[in-house]
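In the two complexes below, chain A is the common chain; its partner is chain B in one and chain C in the other.
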Partner chain A sequence: MELNVKFMIDTFFLALTGVPATLSITAAALIISAPIAFFMAISRIYNVKIIKQAVTAYVSFIRGTPVVLQILIIYSLLPSLFNTIIKSAGWNINVFDINPIIYAYIVFSLNTCAGLSEIFRSALLTVNKGQLEAALSIGMSPVQAYTRIIIPQALVSAIPNICNLTINLIKGTSLAFMMTVKEVTSIAKIAASYGYNYIEAYLDILIIYIILCSLVQILFALIEKYFGSYRAHPGSLAKAN
Partner chain B sequence: MRPFNPLYILEVFFELLPFLPVTILILAGSVFFGSLLGFILAKAKVSGRKTPRLLADTYTAMMRCTPPIVLLFIVYYGLPELLLSTLGLDINNIEKGIFVLVTYTLLFGATMSEIMRSSYESIDKGQWEAAVSIGLSPFQAFYRIMLPQATVVALPNFCNVLINLMKDGALAFTIGLIDVMGKGTLIISRNFGAYALETYIALALLYWGLTLIIENSFGMLEKTLSRGKRSIAD
Partner chain C sequence: MLELINIHKAFNNNQVLKGVSIKVKKGDVIVILGPSGSGKTTLLRCINFLEHADIGEIIFDDLRVNVKTASPGDISRIRKKTAFVFQNFNLFNNKTAIENITEGLIVARKIPKSEAVEIARRALNKVGLSDRENYYPSMLSGGQQQRVAIARAIAVNPDVILFDEPTSALDPELTGEVLAVMKQLAREGTTMIVVTHEMSFARDVANHIVFMDSGVVIEEGTPEEIFIHPREERTKQFLSRILPVEDYVI
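Then we have the complex of A and B:
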């Protein structure tokens, strides 16, 4: 087996141009789904009727179906749905001019919502109820109590799980080529198809994903260190006195 | 626009069912070989010897960062050439399921090794010492004392990775394996792209059902196996 080294190096740098798209899908999915997932988690913790059941069913569905199917369903459903909406609204937009990355944002946000809501729920449950009561008793509003007391503490236990989710998300974005998004995998695949150099191209993709995921892990290790200052140390009270 | 036809979902669903054994066979095969690989890796990780541990850790870290579809294609395109150039073996006409099996064994082995390691380490070392001190051989101590306890600890995680493996397995259609997903894409192309949404929904329901079955049976298994276990809850 001989690898075409020149092609491999060229394609590596070519595929690197897809990294911004990969990262933007990841970032967009996390940013869009974080607030939604938070309210999904809250509604499950506080047993809000109907919403709780709907959220539970949604999480179960997303957890129970492959990402590739979610992509295919959304990608065969949304364009025609948008088309109908646009036509009935009378706007002058061509659906086929919409950048496919928009669909990728939607699919991966829907997917991330479910995972993130579970992470938030378990993280919020680790915070002692006394913390909320204490915050309210000294006159904080519920919003203040959450943003200043509960969420920072919950984040400490959530960060390793969020790191896992982010890595799975980055790996999942490699499927965005099915929606013709120009990200790492699709760029390298297209380059490979000219000369049938698939092994070299896929090894390039592999190297890029390993670098990306390693960077994400380092980043999260730093974040965890930073948020670690919120961690309740058993001995910290004694020291303060 | 052609109206959405909910009845067709049902029709496709029953057409997909005969291909369920392929999906389950690939799943079972990957779990079997992946567990063997995972066991070897986990043994290297807890053995305390430096080189095997480093190798196993590096392998796991690499696999953790590898998208399944990328590994699938590397195996699909790379393995035949590798075998042809090193051993002179021509496997270009081999069953596609083999490539799928190899891919998911490699992936599952890495995750499995982490589960095995963490569950093994969660068992109190005193259990091992007590077992050996009453005269059990190291093998007996592992097989009769450590393994049953570690299995209960590992069950919830195992259920999770099993579901993930099944979902990742849906990608096998991209290299042309005819499992439920592959049959679904065949049905769509047979209809010249019509009823795509209905077919995908039928597939989603099928996978959802499988996931629920796996989850519930593991929940029951966990309940049965942890009968004798005492925790802070009691």
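Then we have the complex of A and C:
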């Protein structure tokens, strides 16, 4: 067996054109989810009636179903649902012209919300309640205490988990090919299908994902170092008793 | 200046405060003594609404608040008249020593930054930590952290400072430096309510002692009255267990 090197190089650059789509799905999912996940986390911490139960059920539903299945259901359900709504509203939009990447945004946001809310919840709980009380005791409002004292510290302890989630998200976006989104995986697969050069195409995207994920890890490490500077000896837990 | 009237507080079915009333005059140093679980800390926390009492009234100068109907505005006004020093310091870990102090001034009291920094420097100087202003809490010893916390409390210029066992989390060597700062504040006429087990502080610094047990005030009076001539059997019992024999009679 011999690799078609020329095809491999061409496809590598071709697949790179899918990187913006991959990253945009990742970014959109994170940006859409972050505020929602934050309020989900807060409502669980503060035991807000009904919302708490709803959030708990939602999280366990998303966790309990494979992403592939969520994609299949949403991609076959939503367009017809939108179509019915738009038809009955009398608008002149063809639902089937909607860029499928919109559906990818929806699926991955739904997923990320669940994961991120749990990350936020555990991170908020790492900041001891005493600091909130101290902030209140010197006259700060609860919102001021959260935005200036609690959240900055919670985010720092959440960074490793957010990094993890982001990387899983990037890799997960490869499933968007099922929704005919032109991202890294789908472009490579289509290119491979003409001449059955699947091995080359898969190796190409493997390299691309490794590069992407490594960059994300480096980025998060820098963020953690920058925002965690107040922790006197990062990584000193092993030494401390 | 400050008066608590008939404060009740229960956690679920556990009645922690069963009608406690206390009067505080300007310049008073009041020490609350009592065994663990007697409700001392809860009482202190009810004053600035870190705990929301169930029944009772809090009168602060011309502000009269029924705890049941206290509005967020009332709570905020009372919090701005008080400051709290915690057993576990509770410094903001993501802020340096000086930022811990300026934070409340700039954010909650809208004092311009340059002025806030000046106030904070004076407060740090008072607790003897001028050389540590840019240290994060994780770089300070327990005693230093508590002194920063005291500086944070005095910087907001409160009418009364509430101390909740300020030395209980410190080893004996560090206790001294915190007590010294508190004695200094008392000498300067700061109004303080202190929950502590430091009997020497209670005896030497307080002008009024409140002895609590099981959610009620058993007896109160001057240090002399409480330490030398306790009237109640429960007080005698408590003191005899907590004071070394030769200390019993001053």
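Here is the rule we use: the second predicted complex is superposed on the first by the 229 of 241 C-alpha atoms of A that agree within 3 Å, B and C clash if a C-alpha of one lies under 4 Å from a C-alpha of the other, contacts with A are read in each partner's own complex, and residues count from 1 in each chain.
Basically, contacts are C-beta pairs under 8 Å (C-beta built on N, C-alpha and C of every residue); 3 or more make two chains touch, one makes a residue touch a chain.
Since this is a predicted model, take the numbers as computed values, not measurements.
Q: Should A:L219 be classified as contacting the first partner (chain B), the second (chain C), both, or neither?
A: A:L219: touches no partner chain.
Q: Could you say whether A:Q131 touches chain B, chain C, both of them, or neither, answering first, second, both or neither?
A: A:Q131 sits against chain C, while chain B stays out of touch.
Q: More residues of chain A in touch with chain C or with chain B?
A: B
Q: Would you sort A:F61 into first (chain B), second (chain C), both or neither based on which partner it touches?
A: In the superposition, A:F61 touches chain B alone.
Q: Going by the contact rule set out at the top, does A:R148 touch chain B (first), chain C (second), both, or neither?
A: In the superposed model, A:R148 contacts chain C only, not chain B.
Q: Please work out whether A:I45 is in contact with chain B alone, chain C alone, both, or neither, and reply first, second, both or neither.
A: A:I45 sits against neither chain B nor chain C.
Q: For A:S174, decide between first (touching chain B), second (touching chain C), both and neither.
A: Touch status of A:S174: first partner only.
Q: Hey, what residues of chain A end up touching chain B and chain C alike?
A: none
Q: Would you tell me which residues of chain A are touching chain C in their complex?
A: 128, 130-131, 133-141, 144, 148-149, 152-153, 156, 230-233
Q: Across the complex, what residues on chain C touch chain A?
A: That would be residues 48, 50, 76, 79-80, 82-84, 86, 88, 90-96, 103-104, 107-109, 136, 138-139, 149, 152-153, 156 of chain C.
Q: Enumerate the contact residues on chain B facing chain A in the complex.
A: Within the complex, chain B contacts chain A at residues 1, 61-62, 64-71, 73-74, 77-78, 81-82, 84-86, 163, 167-171, 181, 196-197, 200-201, 203-204, 207-212.
Q: Going by the contact rule at the top, pick out the chain A residues touching chain B in the complex.
A: 1-2, 60-61, 63-70, 72-73, 76-77, 80, 83-84, 167, 171-172, 174-175, 185, 198-199, 202-203, 205-206, 209-210, 212-214
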